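Below, each structure is written out as structure tokens.
Consider the two complexes below, in which chain A is the common component and chain B and chain C are the respective partners.
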Partner chain A sequence: MDVHSASRRLLDLTGRWRAGAVPGPLAQMLLVAVGYYAAARVGFAFTLQPHPISTLWPPNALLLATLLLAPGRAWWWLLAAALPAHLLVELQSGVPKTMVLGWYASNCSEALIGAALVRGFVPGPLRLDSLRKVGLFLLCAVLAAPLLSSFIDAALVHLIGWGESAYWDMVQRRFAANVLAELTVGPLILTWAAFGVARLRAASMARSAETAALFGGLFAVCLVAFDLPQIDAHVAPALFYAPLPFLLWAAVRMGTPGAASAIALLTVTTIWGAVNGLGPFVDGTPADTAREMQLFLIAASVPMLLLAVALEERSRAEREAHEQRLQLTHLSRVAMLGELSGGIAHELNQPLTAILSNAQAAQHFIANKTGSPEMLSEILQDIVLADVRASEVIRRLHSLFRRGETEFRPLDVNALVGEVLDIVHGDLVTRSIEVRRHLGASLPEVSGDRVELQQVLLNLVVNASEAMSAGTAPGHRVLTVCTEAEAGAVKVSVIDSGPGFTAEQRERMFEAFYTTKAQGLGLGLSISRAIMRVHNGHLWGDANPGSGASFHITLPAA
Partner chain B sequence: MSYVAVVDDEEQVRKALTRLLLASGLDAESYACGKDFLGAIAKRIPDCVLLDLHMPGMTGLDVLRELRRSRRALPAVVITAHNEPEAREECLAAGAVAYLCKPLDDRILLNTISATLSRASGGHATPGGR
Partner chain C sequence: MSSAQACVSVVDDDAAVLRSVGRLLQAAGYSVRTFSSGQDFLAHPDGGAPGCIVIDLSMPGLSGLQLQQALTKKADRRPVVFISGAGSIATSVEAMKAGAVDFLTKPFDASRLLGVIGAAVERDRGSRGAQLERAAVDTRLASLTPREREVLDLVVAGKLNKQIAAELGTAEKTVKVHRARMMRKMQVDSLAGLVRAWTSIQPPGAYST
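And now, the complex of A and B:
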């Protein structure tokens, strides 16, 4: 068997493990076994001799996090996968086999208790993406699971008769080591498994540089604070706060994966210093050192994790609100274009008529042999012109129909007004509305999203034309659009000769779902005002002194 | 040669329709608005008018009503780029002989004009075929 087919076979055996895909069952078991073994080695390395229990015991936390990611039916074989690794690592340490198996049972019990409790509240794989879920994780996986399993563990140790520690001492030490491990390893696995890796791959250069600076800085600060020999007792308390800015940076800028990673780095460097007799936690007995260090790390980790998820939840809510605003804006725009469909058909039918009649005229000229080449050339030129006009109508409609992000660009307001009046030209013609333009000369450009500002102006023009159609006799329907520069801003006014509005309508017209039309959602003006707010502009309406209404928008000059 | 007037505010449409009529052997003249057309018929009365419905200021319907008010028996074919059933009824009631939607197929347009001219002259008046 050549290397290629052997590796393919291995991949088949371990499930199709492509980039971004969930590993197959065998690969998962292999990962659990390797992870458990490595985590146990870390646990042993982080034991303060002759203190028998590790300061940080990560294998149980790794098992618990794995169960939280896996479906319930996979739990048993995932736990089974840890057994060979457990035996391998524990039998090397000269512990009796019954005790080794007892510890395997208590380790599994911690993972099972935590996973079952969490799964009871949150069905399916756990994502630490809300305060509620992180709160549940802290209560069930970080607190309850280590506590309950520590009673089981200590009881087994006593039953088997291994060691000389008192029952409550054992419970207390194992509980603390496992709480810290659950707090360090659990979020690390859960957050990176859910979205951390994908986020890393998609990160920009600037983001990657920021991440490198953050973790480089945190590592350096942790080394100075926790891994230097003979720390001056006067300086030591201040050093505890040294990593805080980096932890906050991680929580605020990198979300839960960032916070979890920063917590893990802080934990590892702190414990590494202590087990090597370095840093501030070396004065007391091993038991005191372990307790102080665990309390410090737990106290630092919990708020950071909660802060990260709270910020993430808030930014998600903001993103959702932004997305909803875009959706609503788009829907309202499409609905308005639907109302304009007759006018749009008019605008397209005109150039189509010119194209068809010109082409058929040319056919007649050719058939009659009466058309000169100059005349035919002129006809073709007119066909091209009409085609360009039709394409322009379609292009403008396409940009209005399309849904996109708000993009700020420098815009010429007069050009914007011209485009809007072109779009609505057919509608105005069919409603017999006369258009008057008073466009100011040399206006400053404004910064805005072309489509959204077109939507605002379209809304004002359509409202005006509908008001005039309903309440003003043909021949008296006049739409005036004015633009002018005004104190660092550009003002656009849309003035109609319709029936105007009442004081009550004036009060309520910018409310969502308020409409005076027989067919209308009542969203146009409220969405237009929201768009203006995003553009740092204003939109307001006035009743004209005689009759009709005026709506004005102002946009700051770019 | 029969003379057909084209009244349409859209220059491209006006030009194209006038060309089509000329190519079909009719005499044709175009006007950009109802007011210009009504002013011109004092000098030369067309045999038929192609009248756009939606024009700024004076609409095709206004022109029809003005023709009726001035008691001019001028056959008018209303053309529109925006089809509305109510407008068709209104135009036919106001005296239009036909109501056609843009874009206009030359056979339908020329047949309509031909039938209109024929009815007006009481005989057969066909535009030059292609």
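And now, the complex of A and C:
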């Protein structure tokens, strides 16, 4: 296979991966081999001359992250896929064959130790989506795996007799290089595998611009701080903090993939500078330089990663709570509409009756030749009006049944009250309830979600009408709805002539699952209160001086 | 059309329904009066012309059933047809128990409505005929002298002339004269005819005890 067709095949594979399909086993092996080879080249490039000390050795981290994403039964052939790449890259550097194989064994041992430890705590492919998982990853993959495999590695080197470094020096150097690699490469692969390239493409213009500004800014700052000839040694400590705002920005706004990418950018630019004799890490021996730089990068990376995942976890919890509130609100709204189904059928049957009777009357008039054109056109006009009325009922129902996001818009409270009373008209009439409206003139608009506020008013009206039809004689059932402006707010009152409520009911009626109805869920008032809270409004109930209950809501004027 | 003279009153709180049903009945040849509420109907007596009343069951204020009760109290005996937009079994049973002739769920087909109305009008016509009959018998009964009335009661009770004479303490011949005069005034020519006329004015259930 020539280079051209191989690269085309790889592009094809990554293209399919991007489309959301998991690559097949052969493609995975190819990806591992190519990735391992590239990572090893990076590792060699990041070696401090003249001594061959790598400051960042990413192949092991790449293997570990791959294993963490793959099922256990795939581990062996994934590791096997790295062998040709390992041989290809190591044999070029003139190292004895036994040492090359020994390094392959110790590299694999790091990946296996880390992956097995993590998998022991978290079964299945690892996603860095909680503090616990990131903590485990840091302990097992970033700390334990490099530590344990470094002993193996140094022992092998010692056994084979390659190089003349002391055992502890070797352990320490290899440990630091691999910790940094695990910290840089591991989260990068794990978070991007979970995030998916498709979501990046779906990002909005503003989001893409923010991402470009963040990484452009971070890159520029890193260049200045770490990749320019050092001008003044006294400024160096301050320059260390220059990338901090961008790292924080990435952690806060871009989640774990953003933080991992920012960390990778910082690490690569810093090491590149040091390897090329630029930036603050140039004094001292190569071993000291490497240690200083590695400690700096590790100290900068760990908190950013933890901060990013903690924020992500919190925003996910908030999202879930929000989603649950929406679901519950919708559920109780649908349950309420179910209770109103008889009245709603009434509201639809009225215009349908008008349409049918008008049409059949017209048929009679035409058959008897008694209808004048004026009368027929009057009938047709009435049919049109009834049809408009029926479709209006359906349109309102549709918006109430639908599950949507909360959308704040300027609203006319009197219109809102009118719509709600229209929806319950059939129900109120069937229960022989008389409606009185006292709607205030020239009320200020309020800002709110039409459907959710309708739900609150519907809930209050339905409660009132059920209380009255259960405890008040027909002829004495009066529902009064008042609207008025009140100190920068609009107040709506729903007043009934029912039996009112007891002290215990007054105490508990806003609790979830508290109900006095035979078939109530006991969620109406507690959800209504939650809706009012989202609208910065209030909902409360009073017993009337005579009989019955009053419920009031206030909404701040928009 | 036989129903040309019949008058149908429609009571419904929904203006569109009221207008369309009114038109339909008009097209079918009825004379129609429409009312938007029970109170409106009670406040504007429609003269009780022969026909029937169509009442919407669910109305604010006075409900359909309450209106029906008020009409019964006013001795308006016209048949009532209920229409309802939210027909539940419970309310329809209640309506039928209260004496409605039929119960239609909206929206209803013209043929169904007109069939029900036709039957109700027919029933009204029948009961009005019987009513006239009863009134005539009452008038004739009032024209009898006390003695003739006594004779009638005893004849209807199955007594023979001789027994009547004994009971009234008069001669059998006198009884025969009273009886002949009574039969003429009652405009019947047989005992069977007399009993039928007498039975028609007895309150219903008079024989049940």
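Everything below uses one rule, namely that the second predicted complex is superposed on the first by the 534 of 558 C-alpha atoms of A that agree within 3 Å, B and C clash if a C-alpha of one lies under 4 Å from a C-alpha of the other, contacts with A are read in each partner's own complex, and residues count from 1 in each chain.
By definition in this document, contacts are C-beta pairs under 8 Å (C-beta built on N, C-alpha and C of every residue); 3 or more make two chains touch, one makes a residue touch a chain.
Given the structure is predicted, the values throughout are model-derived calculations rather than measurements.
On the superposed chain A, the positions of chain B and chain C overlap enough to count as a clash.
Contacts of A:Asn536 after superposition on the shared chain: neither chain B nor chain C is touched.
Touched by chain B in one complex and by chain C in the other are residues 342-343, 345-347, 349-358, 360-365, 368, 370-371, 379, 382, 385-386, 389, 426, 429-430, 432, 434-435, 474 of chain A.
Residues 342-343, 345-347, 349-358, 360-365, 368, 370-371, 379, 382, 385-386, 389, 426, 428-430, 432-435, 474-475 of chain A are the ones touching chain C in the complex.
Considering their complex, residues 342-343, 345-347, 349-358, 360-365, 367-368, 370-371, 379, 382, 385-386, 389, 426, 429-430, 432, 434-435, 474 of chain A touch chain B.
Listing the residues of chain B that touch chain A in their complex gives 9-10, 12-13, 15-17, 19-20, 22-25, 54-57, 59, 62, 81-84, 101-106, 128, 130. Contacts from chain C toward chain A in the complex involve residues 13-14, 16-17, 19-21, 23-24, 26-28, 58-61, 63, 66, 83, 85-86, 88, 105-110, 113.
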